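Next, two complexes with subunit A in common: one pairs it with subunit B, the other with subunit C.
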Partner chain A sequence: MRESILIYRNHLYLKLAALVSLVATTAYVWHTPFERPNGGTWLGYTLGVVAGGLMIWLAWFGVRKRKYGIGKLRLEDWLSAHVYMGLALAIVATLHAGFQLNWNVHSALYVLMMIVIISGIVGVYFYIRFPIMLTENRRGMTAEVMLTQITDLDREIRQLAMGLDDATNAAVLKASQETIVGTTLFSQLRGFDEDCETTQARRFVEDSEGSGESTSRRQLLTRLVRKEELLKRIRRDVQLRCLLKTWLICHVPFSVAALMALAVHVVTVFYYW
Partner chain B sequence: MGGFRGPALSTETYRIAIVGSGPGGLSAAAHAAKLGVSHVLLERADHLSDTIYKYQRGKFVMSTPDILPLRSDVTFAAGKREAILGNWDRQIAELKTNVRYKSDVVEIKKAEGVFNIRLADGDTVQAENVVLAIGLQGNLNKLTCPGGDLPLVQYQLDDPGEYEAETIVVIGAGDAGVENAVALAKQNSVVIINREAEFARVKQGNLTLILNAIEKGDIQCYYNAEPARVEPNAIILNTADGEARVPCDRIIARIGASAPRKFVESCGIKFPNADRSALPEVSSTYESNVPGLYIVGALGGYPLIKQAMNQGLEVVEYILGNKLAPADEPLLQRKFAGLGGADVDAIIAEARGAIPVFASLNPLLLRETLLESDVHVLKKDAIVFKRNDYTSSFFTIMRGSVGIQINALDPSVVVTLPTGAFFGEMGLISGRRRSATAVATSDCVLLETPRRTMLKLIKSVDSVRRTLDQTAIMRQVQTHLAPGVSVADLRPMVETVELKRYKPGDVIFNQGDKGDDMHLIRAGSCTVSMRVGGRDIVLSYVPSGNYIGEMALLSDAPRSATVKAAHATETIRIQGDAFKALLDSQPALKAKVEAKFRQRIMQNEQMQRRPEAGNIIQFLIEQGVGEGTDVLLIDESLCVHCDNCEKACAETHKGISRLDREAGPSFANIHVPTSCRHCEHPHCMSDCPPNAIHRAPDGEVFIDDSCIGCGNCERNCPYGVIQLASPPEEKFNLFSWLLFGKGPGPGEEMAYEELKYAGKPHADKQKRAVKCDMCKDIDGGASCVRACPTGAAMRVSPEEFMSVALLG
Partner chain C sequence: MQCVIRNIIRKSRGGISAKEQVVDADILLIGRGNDCGIHLQDPRVLLRHAELTLRKGDVYVAPASGADVRVNGNLTQMVKLSVGDVIRIGPYDLTLEANDQHGKVTIAVELIDALAEDLGLILAQSAIRTGRISLRAMSWAFAIIVLAALFVAPLVTNLFHVSSPSNTLMSRSESNVAAAPTEMWSSGGISAAHKFFGESCETCHVTPFVPVQDITCLGCHESVEHHADPVKFAFASFEGRACQSCHKEHQGNQTIALSNQDFCVDCHKDFAARAPKSELLPVADFGTAHPEFKPTVVTDAALLAFNRDQFISATSPPREDSSLDFPHSKHLRAEGVRDPARGNVQLKCQNCHQPEGGGAYMLPISFEKHCHQCHALKFDVYVPDRELTHGKPEEMFKQVSDVYDAVAMRGGYEEPEAPPLIRRRAGEPLTPTQKKEALDWSAEKTNAILNGRFGKGQCDGCHKIFETTASSGPTGAGWGVEPVLASTNWYPKARFDHGRHRDMQCETCHQAKLSVASSDVLMPSISTCRSCHGGEHATDKVPSTCISCHGFHRKGLDPMKKTAAEAHGPVSKPVAKP
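Our next item is the complex of A and B:
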C-alpha cells in the first residue's frame, strides 16, 4: 500500500547519496596520480571534513527523532536519508583514509564507523522484514488476545486434569504454574523453548494414552497442543520485538563510541600537525 | 440534611411552588425567601440539587460561561462539588427557605386558578404559580419484579472502590452497566445480566472490555436473562433454560432512565414535535402554554448551572409582575457593539424583521439564538468562507448582500443573495466541505449561528426546518446533480422529490428491484454491493454529494446492485420520470450523467475482479472510517511498533497521547488504531453543555478550554477516542532526560497512566476531555504521521482512500 524507506520519494535520497559518492570518487581518482593519497592532502582534508560532517549529522538523527512536531520533513525522510547517507559515508571515509589502515586510533575510528554502518544495514533488513513477520505470526490477534486465550485454555486444562490421575494432574499443574515466556534477554531472543513445561506436560499426556478416561485425555491433549502452539507464537512475537530493541541498543552505543573516536582522531591529527 | 420535612402543608396555598431543587429551583426559592414571598421548594431526594449531588466525588465544577454574570441570592463559583453543595445547604438554611424534601411530584393539575400538586406519598400542595425546575435527568428505571425494593438493590454506583470481596449482580447491558461491572470486578466477584444474546448497545471500547473480562472469567454473564424476583440475598433469573438462582450481596440495576417529557406533558405542557431532543416552548418570561406554569433550567434548554440559577431569580421577579433586563443583556450589548450603538431590543427587532427564517421564533429562542451566534460586520469583497472549508455554521444576512461563487473554475459566476437570505446550510446538513465560496458583495452584517444551535432550532421549530429544507433541496440538486441548470428548469423535478432518512445498514434499494427513482445523498454515505456467486461483494463507497440509482433508470433494467446506508444517511429521492424529463430537456447534463454511468460500469467490473478490495471497504466502514473526514490508519506491513507516533502525540499535546496505536482492529495489513476520525457529524458534539466542541475550517474536531469535564462526549463517541484527564506533571527538557534521566521522557505518559489507573490522588484535579485535534495548531500537520520513521502511519480522507488507493 505504502512504500518502504528504501524506495521512498522515488529513491530521492539514494540519488543524493550516489551523487556525493560519485563526486568523492571522481575527485579521488582524478587526484591520485599526482600524490600519494591520504588524509593529509587537501583532498584528504576535504573528504575528512565531509566524512566527519556526515557522521555528526547521522548521529543527530537520534536527537531529531525526539523533536516532535517541528520541521517540514517527515521522520521518514530523515530515515531514508540517514540510511543512504550512512552508506555514502562508508565510501567517503574510505577514500579519505586512502585505504591506509594500521593499528592506531585513526583506524579504530574507521573500524567503529564500519561496525555502525554494517549494523545499520542489518537494521534496515529488520525494518523491512520485521513488520511482515510480526503480522504473519499474529494472524490478526494482538499479543493481549493471545495471552487471554492462553489463560482460558489453562483454566480448561486444569479443570479437565482434575478428573484424571494424580500424575497427569501434577504434570498439568506444573505446566500451568511454571510455563514462562522468556524473562531473560537471552530466552527472549531465543524465541522458542523446546523443553517448556507445557511441552513436557503434552508429552506426558501423549505417552500415558490408553490408560483409561480416553475422551477427557483427548480433550486435554487437544487443549495442550493448542496452548503449545499459542505459546510458540507468543515466544516468536516476543523474540521479534526483542530483536528489534536489541538491535537499536547496539546501533546507538557504537555510534556514540564512533563519535568519541572521531573527536580523538581530529584532536590527534591537529596535535601532530 | 437528613429526612427533614417541612410543616404540614395541606391548607395553605402558596404564591409559588418550585419543583426540583437543582441550581434553577434553589435559586428561585432563595429569592422568594429573601423577598418574603410565600413559597415551597419540593425536592424528590433527601438533599438539595440531586444532579450535582450525584457528580463524581471531588469533581471540579466549572462556572461556564465565564462572561455571564451570576444573578442569584445564593453564591456559586467554580470549585469542588462538596464545597458548592455545602455552601448551598448553608445559604438555603440562612435564608429560611421553605424546603420540603422527599417530595416526589407526580401530578400537577390546575383547577379554578390554583395548581394542585400531588406527591408520591399522597400529600397535595396548592399553589398559584408553579416553577418546574426538574432538569433533564429524569427518573431512573426501577426493577419492577417482586423484591425490587429490597435494600440490596441500588440504582447508582458512586465509587466502585467502596466495595470489596462481595458478590455483586449488575443488571443492564448498556454502557453504564458494563462500565460498573468492569470497575467492580477488580475487587469483587461480578455477575452481569444481559437481556439479549449479545452486547449490542455498547461502545466499541466497552465491548472489548466486557468481552475480555467475560472471556477471562473475571465477570460471569447471563445472556437472554431477566430478573424474575429478588430475595434478601439472591436474585432469581428467568433464563432460556428456566429459572436460575444467583446468590449475591448486592444488586446494581442500570436499566436506564425515562426522560421527564412524559411527566411534563401530563402537566399540560406542549412540545413542538415528537423528536427526542425537542424542548417545551416557553415565553420570554419562562411561562409555558399553561398560564402560571413556568419552566427554568436544563428542562427549558439551558444546560449550565449559572444559566439555571439566573433563570431561577428571574422567574420569581416575572411571577411578581416585575420587569427585569435579562442577565445576558451585557453579553448581547457587547455582541452588537459593532452595529453602531442601537440598543439590544432594537437590534433583536431588526433581526426578526429582516430574517424570515428567524421570524417565527419565540422571543426567548430568538434571543438565545442571537446570543449563541456571532455578528460579523464585513466590508465589501470580504470573504465569508471558502470553498472546501470544513465549517458547518449557518449564515443569515441581516444587512447588505452576499455573493456565492458557484463555479469552482470561474469566480465571476456569482449568485447574489439579498438581505434576509441564508446560506451555509449545505455544510450544516452534509457535514462536508463547503461547496462554494461566499463573498460580501456590499458592506454587510451577517449572523453566524453555530451548528449546534441550528440543529436545536431545526428540531424544535418546524417552520425553521421546512424553510431550510425547501431551499437546501434546490441548492443541493443544483450543486451536486445538475450544475448549470437554472432554478426554473429544475423546479418541475424538484417539486416531486421527497426526503428520506436511513439508519446504518438500512437498504435503500436491492439488486433486482425495479428502478423507478434515484437518490441524491445529502448526508451520510452508502455502500454499493453486488451478489456474485452467493456472496455480497462491496463495489464502492459513495459519500454524500453523489447520486445513486441512475443506472437502472438510464438502462431501463432492474437494479444491478444493492445500496445500503453505511451510516445515518439522508437522501433526496427523485422520481424517475421527472429525472428523465429533465435529462431530455438538458442535453449537456444528459451527456454528463451518461459519462458517469459508463465510468461506474467500468469500476464495478474492476471491483468484481478484486473482491479483497471490497472486503477492505466493508471492514473500514464497520470501523466507522466511512463517516470520518480524516482517519489515522497504519500499514502493518511497515509498522515496526516503535510507538514513536504515540510519543509524538503526547509530546505535542501536553503529555497525553490522543491515539492508542496497539488498540483497534486490523484487516489485510490495515490497522485502525484508536484515534479520532473527525466525523462528518461528530457524535461527540451532540450533548456538550458549554458547546466546547467545534470543527475547524480544515475539518478538525477539537475541544476548547470551556470544557467542564462532564464526560458526555466521552460517552457519545462510539469509537472511544476521548479521555478525561487532568493536566499532567511538568516535564524536564530533552537533554536533562537524556543525560540525567529526569522526569518522564519524551512521550512517556507517566502522569496519564497514573491517572488512568490510580484515579484517587488525581481525582480532585480538574479533569477535562482530551482528544486528537489533528495537530491543528502545529505547523506541518499531524505529528504522529510526521514522526513515523517508516511511513506506516497515514492520515487519509476515507473518500480518497477507498476509491483511489484500493483501486490503484
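Our next item is the complex of A and C:
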C-alpha cells in the first residue's frame, strides 16, 4: 500500500464520498420533521438504507481483496473507495441517528461502527507510514540478525569485564543474562525499556569511569552503547509489527461484530415497530 | 603447599579428560583474577573468590569477604577440608582428591554449569514475534457475542417477562414492574406521561413486527375528542390517520403531543379558503399573525344570552350586561374605602379575586365572602341585629314583617317618629284594640322599609330593580331584582394559567382601577400578551406555540376514534387482537 491510494485517480473516490456526504447533509438540514430528527422519519429510513448498504459494501472489501483479478475495478480502486466511503458512512449514519445516542442496541451498532471507522483512519496512517519506518529502523537487518550481533557483543563484553572489578563484572553479566525484548503485548507495544539491564550496566560503567583499567573500561563502554542501540531498534521493530497486528485485530473482528449488530438493529426496530 | 590441579573436561560422548597443572604457593588463591593459583575463567566467579591454606597438614578453605562458597552444599566460612569434600565456587566444583598431610594436595576442578548460549537465552526469555491470533476465529467470536448479548438473551428472557401476570397495565398499581429485558431495543427514551409503564414493551407493542395500533392507545385514551366537527369539517377529521402518526413515542423525556406551530398553521393560515363555513380567522404565528381576541360576554343575563362578536380592542369594545352594578374604580380608589369594623381600608384585587385550588382560574365571587363585610344588609338602626338575607328577595317581606310584628307586640321601639303605642315600655301588655293598631303600624312600617332606602334602595345599589304592577311582586312589595349572570371565562377557547403568571401584577393585564362601569370587560388584548410572548420561533420573547394556549382535541366534541366495540358492532365473542 502506498500513499497514492489517497490521491488515486485524481481523488475520484474522495469526490464521490464527499458528494454522498453533501447530499445527505443537505437533505438533513432541509428536512424538518415535527418530532426530533430520528431514524423513523422518511429521511431517517432513507439514510438508514444508504448507511446499511454502505456497511455491507465496505465489508465486502474483505472478500474482494482475497480474490485477485475479478471484476472490472482494480484492487487499488476498491481500497481507495473503501477508505473514503468509510468516512462518508460516519456522516450518513450519524445523520440517520439524528445525533441521538442512548443505552440501546442501536447505539451499540453506532459505537461498533465508529470503532471500525476510527481504526480504519488509524490503519491508513499505519500502512502509509510503517513500511517506511520499519525499513529505516532495520537498516537492512532483520530482528534476528540484530540479535545475533547482540550475542557477539555480549561475548566480547563479558570477556572484557572478566578482568575488571567484581561489581562491574556482575552488572555486565546481569545485562547479558537478562537481555529481554517484548514478552507481554504491553511491552511489545511500548517499544522501549528505559530500565533495561543493558542500560543499567552502561550507566554503571559510565559512572565508575576513572577507577583504573581505563582502556578495557572504554572498550567495554563502547560495546555496551552499541548493544543498547541495537536493542532499541529491535524493540522499535517489534513495536511497529505489533501495532500493525493489533490494528488488524481491531478493524476486522469489530467490523464483523458491527455487521451482526446491523442485523440486530434492523430486526429489533421492526420487532417493536 | 604443592597443589596438583586437575582440570576435568567431560566429553560429549561420555569420556573424561584431565589436564594437570602444578602450583606451589603458601596460600592458594581461587578466583577470576590472573594472580589466582586456581584461575577460574567465568564471569560468575569473583576476582578473588576464596583461598586455600595448609595448617599442620590439613587444608582449609576461606571465602573472600561476601563471597558465596559452599562445601558439600553448605554455605560456609573457613572450614577444614577432608579428602572427598566438594567446594562449589560459582559454576565450578573443586574436589579435594588427595592430601598426603605433608603439603601435597590434589584438587580436581570441573565446570559444572556452563554459561548458556546467548542467542538461545535471549530468544527464550523474549518475545520478538507478535502473537498469533486467528482473525477468523476472533471475528466469529465477536459476532456471536453481539448476537447473544443484544438479541438472543433479551428475546429469550423477555418470553418469561411477558408471561408474568404482574406485568399487565392494570396490575401496575400493586407492584413495581421490572424493566423488560428487551428495553435495550428501545429506540429512545419514553415520554414522561408513559414512563410509568414504558419499561414493559408489550403494553403497546402487542404483536411483534406489527406497528402499534390505535386500539391499544384507546385502551386508556378512549374519550380523546375530535379536532373539529367531523361532519361539517370532514377534512379535519384525520380519518385514517393512526394516533402514532402525530404522537411519536420514544423521543425522550418530553410530552408526546406535537407542539410545532407549523403543524397547525399548515391548515389555519389560509383558513377561509380551506373551510369557508368556519368563522375562525387565519393564524400563522402568535407573535406576528394571530387575530385580536374576542371575548365571550353576557348580553342578557335573564335570557342567558352570550355573544362573541367584537374584538377586545375595538373602538366600541364589547360590553357585558351581567345586570350587576359594580364599579371597580370605586372599590380600588387610592384613598381607600370605609370598612364599618376596621375603618379606612385600601382594597386589593386579592381581597375578592382568589385563585382556585389549581391556581389557573379564580374562585367565584360571593356576596357573603366578599361584599358582606362592608355591605351588611341591615335595614333599621333601631333593630341593629337584623339583616336581610342576600339572594332571597322572596323571603324579604316575611323577614321584615316578622321583625316589626315582634317589635309591635313587645314595644320599647326607640324611633322618635314611631307612635307612642310602639314606643311604650317594653313588655307592657296591649288591649285587643291596641293590638290591631300595633299590627297595622307593623304592616305600614314593613312596606315603608321594603320600598325605602334600606329595602329597594339598598338592592338597587348593586342590582337592577324592576317594578311590577302585581301588588306583591317577587319581594311582596311591588318590585323585584333582575337575575344576575357574569361570565366565568371570557376566553373559553384558550387556556390561561394565573398560577404561572403569579409574579405579575394584576393591573398589568386588567385595568380595573380605571373601570367605572361593571359592563367593562377587563380582559387583556393580544398586545398585552405579546409584550412577553412571541410565536414559536421568537428569539426575544417567550416562544409560545399554538398548544401553549389552545387544545387540539376539543372538549365537547365526539371521541375521535371508534373503540373496538363501536367499530365491529355489538361484541358477541371476544374480538381478536389487532
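Throughout what follows, the second predicted complex is superposed on the first by the 243 of 273 C-alpha atoms of A that agree within 3 Å, B and C clash if a C-alpha of one lies under 4 Å from a C-alpha of the other, contacts with A are read in each partner's own complex, and residues count from 1 in each chain.
Everything below uses one rule, namely that contacts are C-beta pairs under 8 Å (C-beta built on N, C-alpha and C of every residue); 3 or more make two chains touch, one makes a residue touch a chain.
Since the model is a prediction, treat every value here as computed from it, not as a measurement.
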First (subunit B), second (subunit C), both or neither touched by A:G53: neither
Superposition-derived comparison: subunit B or subunit C, residues of subunit A touched: C
Touching partner for A:R66 - first (subunit B), second (subunit C), both, neither: first
First, second, both or neither for A:V264, with subunit B first and subunit C second: second
Contacts of A:R74 with subunit B and subunit C, given as first, second, both or neither: first
First, second, both or neither for A:L185, with subunit B first and subunit C second: second
First (subunit B), second (subunit C), both or neither touched by A:P131: first
Touching both subunit C and subunit B, counted on subunit A across the two superposed complexes: 148, 151, 155, 241
Of all residues in subunit A, those that touch subunit C in their complex: 32, 34-36, 38-40, 100, 102-106, 108, 112, 143, 147-148, 150-151, 154-155, 158, 161-163, 165-166, 169, 172-173, 176-185, 188, 234, 237-238, 241-242, 245, 248-249, 252-254, 256-257, 259-261, 263-264, 267-273
Contacting residues of subunit C [partner subunit A, same complex]: 32, 34, 41, 43-44, 46-47, 115-116, 118-119, 121-123, 125-128, 130-131, 133, 135, 138-143, 145-147, 150-151, 182-189, 201, 205, 208-212, 246, 248, 251-252, 258, 260, 262-263
Subunit B contact footprint on subunit A (complex, rising order): 1-5, 8, 63, 65-76, 78-79, 126-127, 130-132, 134-135, 140, 142, 148, 151-152, 155, 241, 244
Residue ranges of subunit B touching subunit A (in the complex, touch as defined): 212, 215-217, 635-641, 644, 647-648, 651-652, 662, 666-667, 669-670, 734, 746-747, 775, 778, 780, 783, 785-792, 794, 805
